[in-house]
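Here come two complexes built around chain A, the first alongside chain B, the second alongside chain C.
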Partner chain A sequence: MKLLRPVLLNVFTWSLVFLIAFPLVWMIVTSLKPQSELFRIPPTWIPESVTFEHYWRLLSETPFLRYFRNSVVLATTTTLFVVALGTLGAYSLVRFTYRGRETLALLVLFTYLLPSVVLIIPLYLMMVTLGLSNTLFSLILAHTTFALPYALWLLRSFMEGIPEDLENAALVDGATRIGAFRDVIFPQLLPGIISTALFTFILSWNEYLYALVLVNSDAVAPLTTGVMSMLISAFNIEWSLLMAASVMMSLPLIVVFAFLQSYLTSGFGAGGVKG
Partner chain B sequence: MTAIATDPPRSAVSSPLERAYARLGVLLIAPTILVFTLVIVYPLLAAIYLSVFSIYTPTLQGGFVGADNYVELLTGKAFWNSLRVTLIWTVGTLTLQIVAGVGLALLLHQNIWFRSLARSLVLFPYFLSTVVAVLVWKWLFNDLYGALNHGLMQLGIIDMPLDWLGSMPNAMIGVILVGAWKYFPFVVIAVLARLQTIPENLYEAARIDGAGPIARFWDITLPQLRSVLTVIILLRAIWDFKEFDLLYLLTGGGPVTSTQTLSLLVYQEAFGLNQMGQAAAYSVGMMLVMLVFMVLYIRQTKEKA
Partner chain C sequence: MANVIFKDVHKSFGSFVALEKLDLDIRDGEFVALLGPSGCGKSTTLRMLAGLDFPTSGEISIGGRVVNDLAPGKRDIAMVFQSYALYPHMTVGENIGYPLKKRGIKGAARAEAVQKAADLLQLGALLDRKPKQLSGGQQQRVALGRALVREPQVFLLDEPLSNLDAKLRSYMRAELIELHRRLGKTMVYVTHDQLEAMTMASRIAVMHGGHVQQFDTPDAIYNRPANRFVAGFIGTPPMNQVEGTVEGGDFVIAGHRVPIDRTAYSADLHDGPAVLGVRPEAISIGSGEGLPATVRLAENTGHETIVTLELPDKRRISARVEAARRLDVGQPVALRLDPAAIHLFEATENGARLNLDDTPASVIPMRST
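== the complex of A and B ==
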């Protein structure tokens, strides 16, 4: 009994984990099945033959690579912009005293919880008036609406975790505030900045609603709306092609998970869910 | 530092250095404030302003209608129907997320084989793009070739393939399930982090007192998790309440309007029915409902600070 218990616990836990991961396994399995095997009833749980033809078709016959490039530009620019602003902003919110600081922090938290659909209508009007609709720039601006409050909130928590004495010691040694920030705060904050950047990148990479409303030209569509339009436009839904697209779309995420996962978990602790 | 030394000690707040620091602080936050005003504060106020106009989306022409949009909101069926749907969706998916999240966190806290791999696999859906999640689940839900129907049939749970997203109540159950699958990892991570900080001697003391695993869960684990669970529930309630992508992509609000939450109603009114003013009014109404949760959450986080 003493020996059996851990085995049972393991089997039980791993069955649940497998059940949760099954949709992802199925996504990969489907993307590797030849067309002839796909519509077998009942489905073959383990593919009888493996093919990469869907990936090849995705890259050579569909605009997938263009969507991918758009998403890379969009998510990277948003991340750089938001993290740069957010780092300075968080430093100011945590380590300086001036009137209205508390109100500002509260406003950040409020916007962090605000629903996108409230902002989408005025933003749409704004972009049309400025002649910015159907540009990647309009999406970068729109993504700031959720990414900036999020990044500020995360960075603020990370900044609060840096002992104030470190900065004071540098100031006593004659450093300026900016010098102290560069030499003392920034190196300490770097893991937090990386974590925030990863979260922002993923948020921007995955965003759908703004892309749906602000961009209707295929040339600037990011992956989210681009891949969905491949589903809608097809007369016969090509599931294996869509699953291949899904796998490819998740690539950055897989890379992050394989190499930088600790940054994601530390971001969770900072993101306002501390117990 | 000389500034402080030579300054008469009137008040620390108004010393030249302090004032210079305050100016620098404002300077550092200024770009953020500028962007905030441009893309968040202005649109937010504009949404409230637009809600008293009637605007036809394609031409953006229209006129002032006063409170008409709000009268329609209060007396029409659309808003209340969507509010009801939103509450069903939120409560349903949130309950599943919490139960599954706490359960799996407890399991993954144990010493199991390849624990970090198991944790990674459980975490993954949370970071996955909603578009990818929806595509995969649409394929799983497919009535003819879907793995879900065939799996359930092979296990003998159902004898006929089910129409998962096209009829009620299956469509609601479907979106609640996918929502729970996508978002419960959030609960797992937050609870796991908290579990690791519960002092082991609490459990030892309980064991000496003869408490079984179930009693230990109710008497030690759950009370220790209480505060983190309150925050998780409020935060997830807010996020589930405003969820758009998942529902829009899975069912589009259908069949008819059975899964049309408030977010979808606003979108549909603005870009489907082309009534921007009315849509803005709905969005303001939605925000007012959410304000209750937001105030609760903000108070909760302030309490801890």
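== the complex of A and C ==
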């Protein structure tokens, strides 16, 4: 009995890992197989010959790089918007007392509860009225609207963890409110800002529905819709190109995550206030 | 000149009145303690002086300059927070140097000032550490260093010792007294600990319910409390307060007469209900003549014994006797009260003291534990 428990636990865990990892592994494997090997039965687990031709074709013969650039601009700008607005909003919600503060915070969260499908048509009409339809900026605005509420709440809880006395001390020491924010609040908030930025970036990078509805020009399409329309048609799916594209789409996220994760954890637990 | 004046200051948060008609005149170089239970308005008073809160009405001035609308950084004050509020991402040196940095003092001049403050507080070896690598006492000293590096006009201290353990607290208390003597700057010190206020302050403002109850020297606060609140707040154990009636030359407690000297009290003292106040050390326990009582509890602290006594009508009072004195629980005794140490108060909830204040303060030796 004593021996059985860890064994069962291990079996369970590893099957879970396998279940999650398999599509990823298969994606990479498929992207490296030559066309001839793709549909062989039984399938080959390890490609008999490894080829990078799909990657080469993707980069040289398709507008993949343009989509990629669009996605980078889209996700980065959205993240900047959301972090800037979210930080200032959270600061206001935590530090200032005014009428309807809590209601405002709840209302913001409420918009987050609505399914995006409900908002997409009004948003589209608004973009048309504003003359922004079919621009990258319309997507940036749309992504900001759905990422901001959650970001605001996330940052608010981080902000609440920063003792007010720290800011008061800076004010007494001669800093202006902005100065106190820059010198004292911001460094304390950095882990929160980074996790919020990460969350927003991933959300915006992977978003499909808004991009599909708000943008139908190939010139401003991000990766998600661009790759789909390019490689998937009613008659044919370019599997090897699709898998190569998927691998390259995942790379930036993996890099960003790997780079920031150590920073995320190192920020926590540092405290100068006792009690 | 850095005197601090609160003139007719009111402060309310919505419908809650935190401070009402606050008048304080703190002299240049004085060490004033704002003492009171939590919620009495002492921290609000300090925060308003710092510029972190604003009075609803009234005027606050520092060194003759009205500061009502002045930003905290422009008031030439420094503050030590209860939580120390050290900047966690800065080193000790950067923490201490921050107020100078904000005033545009650069390079060698700043480094020199930081070094001087650090040396004064024996922090010289710790300048490169981060606050979380320091002990509570060291963090406390860094907070002090950050306050004094700029040589401000007024120091504000908000319960700075309450996060320290007892031993360190008594050490830092002595350090602060020494520091005040050396700097000669005005200090305003908020505390709920009467021992800190009594030992450190040149004057104490006892606060309660948004009002200053008494603003006086520790000696006067102890020996001539202005009202029942102050009498009951200061002293461990506090002053006994027994309700009774004044009848001619006597104060009657549960049918027993305690002689009083009517000439020692103001003309406001009339026959009728009043409250008698007497410090535990002014009660002598004997037998025979006197107010009858029964010993209920004797607590020996080593250098003295605190005795809880029950009067005939079941009310309890405490007395302080020498440690060697043997008293048994249940033992009947007779109490004699030193007539010169009897305070009489109006029989209202926070009745004013009715003694004429020519009572020499030295009649009752001041004790603190």
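By definition in this document, the second predicted complex is superposed on the first by the 242 of 275 C-alpha atoms of A that agree within 3 Å, B and C clash if a C-alpha of one lies under 4 Å from a C-alpha of the other, contacts with A are read in each partner's own complex, and residues count from 1 in each chain.
Methods note: a residue touches a chain if its C-beta (ideal position, glycine included) is under 8 Å from a C-beta of that chain, and two chains touch if they have at least 3 such contacts.
Just so it is clear, the model here is predicted, and its values are computed rather than measured.
By the touch criterion stated above, A:L231 is placed in contact with chain B alone, chain C being left untouched. Between chain B and chain C, B contacts the larger number of chain A residues. Look at A:P163: by the touch rule set out above, it reaches chain C but stays clear of chain B.
Look at A:Q188: by the touch rule set out above, it reaches chain C but stays clear of chain B.
Contacts of A:M243 after superposition: chain B is touched, whereas chain C is not reached. After overlaying the two complexes on the shared chain, residue contacts for A:V172 are found with chain B and with chain C alike.
Within the superposed three-chain model, A:L4 lies out of touch with both chain B and chain C [touch as defined at top]. Note: residues 171-172, 174, 272-275 of chain A belong to the chain B contact set and to the chain C contact set alike, using the contact criterion stated above. If you check the complex, the residues on chain A that touch chain C are 163, 165-166, 168-176, 179, 183-184, 187-188, 270-275. If you check the complex, the residues on chain B that touch chain A are 1, 13, 18, 21-22, 24-26, 28-29, 31-33, 35-36, 38-40, 42-44, 46-47, 50, 60, 104, 107-108, 110-113, 118, 120-125, 127-133, 135-137, 139-140, 142, 144-145, 147, 150, 153-154, 181, 186, 189-190, 193-194, 197, 225, 227-228, 231-232, 235, 238, 241-242, 244-245, 248-249, 262-263, 266-267, 270-271, 276, 279-280, 283-284, 286-287, 290, 293-294, 297-298, 301, 304. If you check the complex, the residues on chain C that touch chain A are 50-52, 71-74, 77-79, 81-89, 98-99, 102-103, 130-132, 136, 139, 146, 156, 163. Residue ranges on chain A touching chain B, taken from their complex, read 6, 9-10, 12-14, 16-17, 20-21, 23-24, 26-27, 30, 38-39, 41-43, 85-86, 88-89, 91-93, 95-98, 101, 104, 106-107, 109-111, 113-126, 128, 141-142, 144-145, 148-149, 152, 171-172, 174, 177-178, 202, 205-206, 208-209, 213, 223-224, 227-228, 231, 239, 242-243, 245-246, 249-250, 253, 256-257, 261, 264-265, 268-269, 272-275.
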